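After this come two complexes, each holding subunit A, first together with subunit B and then together with subunit C.
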Partner chain A sequence: MSNAQIEIQLIASLVAIACAIPGTFLVLRKMAMISDAISHSILPGIVIGFFITQDLNSPLLILLAALTGIITVVLVEYIQKTGLVKEDTAIGLVFPILFSIGVILIAKNANDVHLDVDAVLLGELAFAPFDRLMISGVDVGPKSLWIIGSILVITIGLLIAFFKELKVSTFDAGLAASLGFSPAILHYGLMTVSSVTTVGAFDAVGAILVVALMIAPAATAYLLTTNLKRMLVYSVCFGIFSAISGYWLAHWLDASIAGSITTMLGLLFLTVYLFAPNKGIIAVLYREKQQRTEVLLITFLLHLKNHNDERERHVNHLNEHINWQKVRSKTILDLALKNNMISIGNKIVSLTEKGDEFTTQAIDYIITNEDAQIEHMKDDFFLFRG
Partner chain B sequence: MKQKIAVQVDDLTVAYNYKPVLWDIDLEIPEGVLMAIVGPNGAGKSTLIKSILGILKPIAGSISVYGKPYEKQRSLVAYVPQKGSVDWDFPTTALDVVMMGTYGSLGWIKRPGQKEKKAALEALEKVGMLPFKNRQISQLSGGQQQRIFLARALVQDASIYFMDEPFQGVDASTEIAIINILKALRKAGKTVIVVHHDLQTVPEYFDWVTFLNVKKIATGPVKDIFNDDNLTKTYGINYKVSIQE
Partner chain C sequence: MTISEYFSLIFSDYTLRTITLGTAVLGAVTGMLGSFAVLRKQSLLGDAISHAALPGIALAFLITGAKDSNMLLLGALVSGLIGTFWIRGIIKKTHLKSDTALGLILSLFFGFGMLLLTFIQKQPNANQAGLDKYLFGQAATLVESDVWLMTIVTAICLFVLLLFWKEFKMLLFDADYTKTLGFNTKLIDVLITSFIVLAIVLGLQTVGVVLMSAMLLAPAAAARQWTNSLSVMVFLAALFGAFSGVFGTAISASQNNLSTGPVIVIVAGVFVLISFVFSPSRGLLFKQIRFIKNRRDLELHKTLAFMFHIAETHDNISHPHAIKILNNFQGYTKNTLQKLVDKNYVTIVGDHWSLTEQGFKTASNLYNQQNENNE
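Right, the complex of A and B next:
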């Protein structure tokens, strides 16, 4: 690997971490859209900042642009407060206006500004290593690395200091307020960090990748854990993984790095969405099927318990009486047999002692409306699940 | 002997988007009562509590807790929000939610330690939820979630407790467990204010009641003011509930 390659991957990874941290809280606050709004509406801030500072990497420009991000949030909330439109509509109203102001400013001054809309939206990670930071003549590395590195250090510091405040105000803003942790301060703090990160990252990776890096890793992590700290760690790992694998994908396909990283983020989410152990689609569908079969099993056992008449319990007539198709009757019968709930003698089905006990308990729970308990019972009784 | 006033509300008006939902409320809550706030849906019960707790900014009026503004008395007050007001899919455990009750006394930045954890475990024990301490909160039943909220308030070790519909969606045994804890709090000299919907149980559970519907209709001892007249004024329709039996 060349030095430039290592630097690019390092920058991409740091951006990924810096985005994953505020991103986790944005996802939990159901504010994914706001990061999209911020990433677009900082454009006029960047352009105006550039007129003033003539340097895309100046800290002043970052602060000015971040301020535009905060203004976006304030405007969105103001419009929303009027009660005339919903939040998503308010977002849709605000950021295109700010973004287009930025576009017009660029177009009007295209000649003397080396800035174009494509670069803002997509960035160009491949060029990041060329813009070096020189301190008294010594090359200390790419400027983007220093910018995003500083932002990351601040973000981690704030996260450690205010983790409990962020957690309580995200989970229960009312409680946070009553305890004296102003949800407004935390909200705008989070918005500031998100804005600064977006601005600091956009030059290297572009606005679209910033949004993807904020939302996708956190949304993926959310599917895998029920612990906030772990969710943060997973988000960070997914971000880094996508950054590095995306870089190599781009290298291999000779494609845009930002585009490839976004693709990796999407693939990662899709994989987890399908295969996550609890919240994944396949697990959910499997559980539904299992539940359906097991409800039928209980129905079947109840039928056996209620009918002593041998005709009702004859293997060949079962499907007529209980009105099930052959395949279904067979599945259920097999499941009951495997679990030792029934025995079949002379083609007559009877409950075993275990089956009888299970059924009696199940009825009890059903009539006392404690259906949830049946799930625990299944764990005790079943050798094989449906 | 004159009773101390725990919470005093004067001329309180609260509005959402400039539309008042509470009009000119005056309310005195004496120390040591177990008080129900009753009123129809949308009457402003939750709004009243949120305003007292400084969660909402009123457009007029003032509130004091033991004679001082709420901001100075935070440590004296605990709050159980309406259950639906939080996201139960939030990635956290029962124990962690109860620990949040200790955050107020910790203040900014300081993190909870062993002492806070011990207090949270004790509170979980009191509401019978110790076995569930490591459960993710979405995997708790509605009644269990309510008990977790109650434990979180208990851990605050306050003098005044505000509870927004703690009996919402709980079964009979949980309701009894909760009311016993509330009665124990009153016995210990605490003031407990509960938004309550089941009018039948008001005389049995509470000794003080406030009728609210945008305006304050009445407030006082249950035995004096809990009658058909006030119920009718509060609920609009001609309210006849045989509460005496």
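Right, the complex of A and C next:
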């Protein structure tokens, strides 16, 4: 690994961490699309900032662009407050218009600006190590490393200082307000941090991929845990992992680094989306199937309980009466037998003592309208689940 | 070229005519279908779909190796649909909220698309140049067959829309009721979503991935302000969309260095701004005027009621009182007093006022009415 390669991976990882922290809160506060809006609408801020400073890495430009981000949020909230359109429409209206203004500003001044819309949208990490920061003639590292590093330090500092406030206001805004934490300050504080991070990261990974780095790790972590601290740690880890693996994917394919990082994030999300232990699709589908079988089993047992007459408990009669498909009835019968709920003799199905006890209790719960209690009963009675 | 030159050239110049027609048709179809997206609160879906279409374009190019715009659009359509249904899957099956799902699919698909695009650019294939025009769109690349394609799709959309108008309308406003009536809501839902995807994909070549969502939303959001009827809204949205297309093209053609997509979006944004401010029933301007008018009426009533209470204590209701005593009362202004005089409720002699017979009657009724209302 050459020096430049290490530096690129370091910058990518720092960007990923800096994005994952505000991203977690954006996802939890259901404001993920705001980050998309900010990432687009900082464009005019960057262009105007560039006219003034003539330097893409100057702190003034970052502040100006971040200000545009805040303006976006305020505009969206203002439009929403007028009640003329819904919030999502307000977001969808504001950022394309601001973005268009940025594009036109660039196009009209194409001759004086060394700024390319593609570069703003996509960024180019590969060139980051060539823009060095010189302090009194000594090379101290790439400029973007310093910028994103300082943003990260500030973000972590704010996170530690205001963790409690953020946590309360994210999960219970009303409680936070009544405890005396101003929701407005926290809201705009978070928006400011997101804007600054977006601007700081845009020239490394590009405006749209900042969104991916903010949302994807947090969403992936959210599928795995419901603990805020763990979610933060997970999303930071996912961010770093995809930053480094994405770099090597890009190296191997000779393609855009930012694109590969996002692709790695996508693969990571897909894997977790499919295989997460409790909330993954496979687990959800399996649970739904299990619940369906168990509901059928309870229906079947209750039916038996209701029809004591031997004639009515004959297999043929039951078949006609309940009218399930063959496979399904076999599954249910097997499950009932395995759980020792029924016994079959001479083609007559009867409840065992255990089955009888189960159904009596279940009926009790159903008539007192406490169906939810049946879930706990299942744990007591079922040896094998559906 | 100036704008007037543009309008004189529009009928003779092939390129200008094609582009103008193309953007107008595109504006109309996106406005039409955008109305449904806005009313279904799926405004940001358009943004997600347009970004999600990018990998489809790149993959279609990688597979066919040719830059046939129809094949690329087909790829975009497929990838847009996959994105849409994945978003639904995430919202339905996990506890992630819709905004997270939208942002996730949008950025992940777009990133993957970028990976493919940069990968293609390194390939030894001379054809690859120009794929990135789908990022921002280039109206100038429109040819007559593209316009025909748009027109046909618009016609099909319009036909289906009219055919299932009742169902669409009902699903829009009361999905549960539609289901209980026995309509296949899933099918209608898929139909309308697919149309929205189709409209977005059509616009990619002209307006580009990034700005497509505004084309969908802006005309519809503007139209919404002028009417409460769905049919009028759809019609107005189509009209606004078409006009933004034409004006946007005109402005960008009359200036150097202006790409069409952003200009169209800004023109559409101006439409929205005008509608927000000047719409008679919902607009901010008239709302403010109504607000001020109501407040004045209220002040007038308050002053009258106050006068009534003073006059009540006297045997002669028209007994004159000094204007000064009104000064402590908040609702009092010179204007309200003048208005009361104009309405013949009050007469003023020197710096004294007195209630007229009519004024006394109105004021006592006012009071009674309020009492009745309170009960």
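Everything that follows uses one rule, which is that the second predicted complex is superposed on the first by the 384 of 386 C-alpha atoms of A that agree within 3 Å, B and C clash if a C-alpha of one lies under 4 Å from a C-alpha of the other, contacts with A are read in each partner's own complex, and residues count from 1 in each chain.
Note that in this section contacts are C-beta pairs under 8 Å (C-beta built on N, C-alpha and C of every residue); 3 or more make two chains touch, one makes a residue touch a chain.
Predicted model only: the values in this text are computed from it and were never measured.
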item	value
Joint occupancy of subunit A by subunit B and subunit C, clash or fit	fit
First (subunit B), second (subunit C), both or neither touched by A:Thr82	both
Angle at subunit A between subunit B and subunit C, C-alpha centres, nearest 10 degrees	80
First (subunit B), second (subunit C), both or neither touched by A:Ala161	first
Subunit B or subunit C, by number of subunit A residues touched	C
Partner chain in contact with A:Ser100 - subunit B first, subunit C second, else both or neither	second
Touched partner set for A:Ile215, first subunit B, second subunit C, both or neither	second
Touching partner for A:Ile282 - first (subunit B), second (subunit C), both, neither	neither
Which superposed partner A:Ala177 touches (first subunit B, second subunit C, both, neither)	first
Partner chain in contact with A:Val140 - subunit B first, subunit C second, else both or neither	neither
Which of subunit B and subunit C A:Thr225 touches, first, second, both or neither	first
First, second, both or neither for A:Ile348, with subunit B first and subunit C second	neither
Gap in Å between nearest CA atoms once subunit C and subunit B share a frame through chain A	5
On subunit A, the residue positions that both subunit B and subunit C contact, one per complex	30, 82, 222
Interface residues, subunit B side, partner subunit A - complex	17, 50, 53-55, 71, 74, 77, 79, 81, 85-87, 90-93, 97, 100, 103-104, 106-109, 111-112, 136, 138, 141, 152
Touching residues on subunit A, where the partner in the complex is subunit B	28, 30, 81-83, 161-165, 167-168, 170-175, 177-181, 222, 225-228, 230-231, 372
Residues of subunit A that touch subunit C when the two form their complex	27, 30-33, 35-36, 40, 79, 82, 84-86, 88-89, 91-93, 96-97, 99-101, 103-104, 107-108, 110, 117-118, 121-122, 208-209, 211-212, 214-216, 218-219, 222-223, 250, 253-256, 258-263, 265-266, 269, 273, 279, 281, 284-285
Parts of subunit C lying in touch with subunit A, wherever the complex brings them together	38, 41-44, 46-47, 51, 89-90, 93-97, 99-104, 106-119, 122, 132, 135-136, 210-211, 213-214, 216-218, 221, 224-225, 257-259, 261-263, 265-266, 269, 272, 276, 282, 284
